[in-house]
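Both complexes below contain chain A, partnered by chain B and then by chain C.
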Partner chain A sequence: MNNYLKLEFRKNHMGMLLFLTAAFLGLNLMWLMISLQNPNESQLHWGWMMMLAQMPIIGAVLSPTFMAVIASRIADVEHKGSTFKLLYTLQSRTSLYHAKLLLGMIFAAGISIGQALVLIAVGNIVHFEGSAPVEKITLYYIMSFGVTFASYLLQLDLSLRFRNQMAPLAIGILGSFCGLFVMYLYQFRILQHIVLWTNYVTLSASVMSSYDPETRIVQYEWCPVNWYGIAAVGVWTIMLYLWGRRMAERREV
Partner chain B sequence: MLKRTIYAETKKLTGNPVWIPFLILPLLSTLIGTLNFTNNLGLLSNTWENLWTQNTLFLSYFFFPALVATCCAFLWRMEFFEHNMNLFLTVPVRRSSLILGKYMIAVCVTILSVLWTLLLYLLSGWIIGIPQGLPKQMPEWILCGILGSVTICSVQLFLSLLIQSFAVPIGIALAGGVLGIGFLSKGLANFWPYALFAYGLRANNPDMKFEFLPFLASNLIFTVLFLLLTVRRLKKR
Partner chain C sequence: MKQEWKTVVATQNLSKKYGNQYSVKQINLEVPEHAIYGFLGPNGAGKSTTLKMLLGLTEPTEGSIRIFGKPVEAKNRIELLRQTGSLIESPSYYGHLTGEDNLKLVAALKNVNENQIPEILSIVNLEEQKTKKAVHYSLGMKQRLGLAMALLGFPRLLILDEPTNGLDPAGIQEMRELIASLPGIYEMSVIVSSHMLSEIDLLANYVGIIDRGNLIFQNSLEQLHLQSRGNLLLRVDQPERAKIVLQQRKISAVISEGKLLLSPMRDVDAGRIARLLMEEGMEIYRMESHEKTLEEIFLSLTHGSAEGSGHLE
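The block that comes next holds the complex of A and B.
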């Protein structure tokens, strides 16, 4: 597997993928900095919790499309060169799928670690009250990694399935939007878990607990670990893996 | 000649469901916006202007540039496959006409999408029963939104030809849309092509101060510049 993974690194122009990842993290940083241009006392007081409530929304907006872009690039290299026929005579079908999956997993992990570091950096630049809640941040980004990886899996499966990359990319963009839409349907908790992309928010570490429209003061509270959300992401991941593996095994070339 | 290239491009797209995301995305945007609007009627007043903001905010900042990018990338992708580019470049047609053929298709799809967004907006306002009449500035929002979307088409057409990857220009468009928020918040929307769509639509604030001439000039400059760059790039192949 190690060799196959190395081959994937060589096949995909890593410079472009790394540039995209850096740009993605830069966007996260910029978004947070814009939202905290002139922080008031309340924002500084609730800073860490506010960030942990905001980051899932940023994740839900940006990550699915970004993972769709990464997955499309990793899968499209085979479509462009019509290399499936050749590769399947040199390596097992599942090993090719697993190598692409591993490569995406590395990117998903890199993004999650990068986002956590961006959050801590912003908190220290803006001087939020208190020290960074490292435990909460770590826990959230482990769960966020799960959602990002599951959305990568979905996009990889679709990108390998369709030669026309418009379909998976459009699904990625629409998925982001669906995630946002369902996020507002508070009364349908089950639906929020079923829609993969909304789980960035359902697994959030903190949430707004009250808002006073007159004084515009917002308060936050920590959320307990959402086991239903974790289970939903787990089920999604297993199903998508099995589907992708089955497609790879039965692919006609 | 241009007519023929447009006809050829429409032929290439026959059977390709390029239009489906452009149909679904504004629909989702309207659903989210209207739901958010009705849920926050205590904070927002029941006006067409507020409904417009809710319906177009997410769409114009994050998703529309990426969707236009998908369409433009798809228009080029057909040429990058199976040596089609050789055929494309050897047809006895000027390069500028070839580019304009693709450009016109992208423009038509995006214009229809903006008009579809408008129709959904009117329908949603009618369903929830907004009491006042329609805002007088509405035709201006739409016209400016169309101008902004047309500019994004020219930028993405160039990027998709330059990078020759389907996915990367879409990532750039997403990033461009997000960066556009920064340019808009600093009052520099006219200097960033991805911010022009949201600025033209007045997605953030329908009553914002808006100067049409600098906006029009910015759109013209970006559109002409990127179309010329696209033609130049194609000539160099």
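The block that comes next holds the complex of A and C.
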């Protein structure tokens, strides 16, 4: 498998993929910096918790779209060159699927670590009160990685299935918006778990606990670990993996 | 006398069904070792589907495949296929990589030493373009790159599906010469499919003809040519009377464009017929044997179905 993963690095346009990753993290940084252009006292006081409550929204908007683009490029390199009919005579269908899955996993892990570092960097630049809650940030981004990886799996399965990459990309973008919409349906907790992309929020490390419109004072609180959310993402991951693997095994070219 | 061959590929009742329609129906291929097996048939006859089944790219609906004497199963498929090279329909390549980098990738997948690459590039005449990105190759160069990938590791069996498609006449000639040289120089067995009779005639020494999914002929090219033994054409002064005279002696004859057309026969029988007609007082102006072209043989084998099922050149 190690050898097949190395080949994935060699055959993909790694320069372009790394550029896209840098652009994605740059966009994250820009979003945070713009939202904290003139921070008030309350924002500086609640800074870390506020950011950890905001990051899931940024994650739900940007991460699935980014992973859709990555999956599309990783699959399209084979579609464009009609290489499946060559590869399937030299390696098993599942080994190719696993190599692509691992490559995507590296990118999902990379952006999760990158997003955590961006958050810490922004907090330090803006001078939030107190030190960075590294434990909470780490825990959130481990869970966020789970959602990002599951969304990558969905995109990879679709991108391998369809030669035209517009359909999988459209599904990725629609998924992001669907995730955002369901995020505000607080009364439908189960639905929030069922919609994969909303789990960026259900697994959030902190949440706004009160808001006073007169004083505009916002308060936040830490969230306990949401085991239902973790289970939902786990089920999604297993289902998408089995579906993709089955498609790869049965694929005729 | 029939030549004794060792078989590198053998199929038994190999079939592929899409819905209720057979694309390939119970074919029993036998590809002799070190032969160039021409797999001939009109477009849509089932050539590509058959080759894809051999390579595990398409799952057979029924039947079995043996390669190098071993049954092809899920557990040994890749191991067996690594001893083969293939070029199916169009070449596979990574456009953003150079020709040489493409070959390095395939070498890694085949577990073949990269030292072979310069030799392979020289065989397919791509040394000059090895640093060029594959996307900028001409169609002929891409086809040669595809062949180079297939040749890496000097496999025992090469499976080529219409390898001259899209090439210009010079490219076709070059590709044909290259393929023809492979069994002699590298001891390879080659299966090459084509819808062009002339190409198979020039290239192959063993032929399988497929039509609408059925294997209708399989033997050496020599045997195929033997079927070209022609009808006897007679030009006489009284064709109607000649026909009656021959029919009285139970020799069937038809009149076509004023000439008598008789079934293929030995020279000695042709001589007897000539003598008989002359004894009956008829003048014989011309006697000729009408040799069948390969196309006519093909059409007679398929009972003219080639017209309906696809295009044969």
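We take it that the second predicted complex is superposed on the first by the 253 of 253 C-alpha atoms of A that agree within 3 Å, B and C clash if a C-alpha of one lies under 4 Å from a C-alpha of the other, contacts with A are read in each partner's own complex, and residues count from 1 in each chain.
FYI, contacts are C-beta pairs under 8 Å (C-beta built on N, C-alpha and C of every residue); 3 or more make two chains touch, one makes a residue touch a chain.
Owing to the predicted nature of the structure, the values given are computational and were not obtained by experimental measurement.
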Please name the chain, chain B or chain C, that touches the greater number of residues in chain A. B
When the two structures are overlaid on chain A, which partner does A:81 contact: first (chain B), second (chain C), both, or neither? second
Touching partner for A:134 - first (chain B), second (chain C), both, neither: neither
Quick check for you: in the superposed arrangement, does A:176 touch first (chain B), second (chain C), both or neither? first
Between chain B and chain C, whom does A:252 touch in the aligned arrangement: first, second, both, or neither? second
For A:22, using the defined touch cut-off, is the partner it touches chain B, chain C, both, or neither? Pick first, second, both or neither. neither
After the superposition on A, what does A:90 contact: first (chain B), second (chain C), both or neither? second
After lining up the shared chain so the two structures overlap, which partner does A:68 touch, if you call chain B first and chain C second: first, second, both or neither? first
Is there a shared patch on chain A that both chain B and chain C touch, and which residues make it up? 80
Residue positions on chain B within touch of chain A in the complex are 16-18, 20-21, 24-25, 28-29, 31-32, 35-36, 39, 42-43, 58, 62-63, 66-67, 70-71, 73-74, 77, 80-81, 165-168, 170-171, 174-175, 178-179, 181-182, 185
Residues on chain A engaged by chain C in the complex (per definition of touch): 3, 6-7, 10-11, 13, 77, 80-92, 250, 252-253
Could you list, by residue number, the parts of chain C that touch chain A in their complex? 52, 55-59, 78, 81-82, 84, 86, 88-97, 101, 104-106, 108-110, 134, 149
Tell me, which parts of chain A touch chain B in their complex? 16, 20, 23-24, 27, 30-31, 34, 61-62, 65-66, 68-70, 72-73, 76, 80, 164-167, 169-170, 173-174, 176-178, 180-181, 184-185, 213
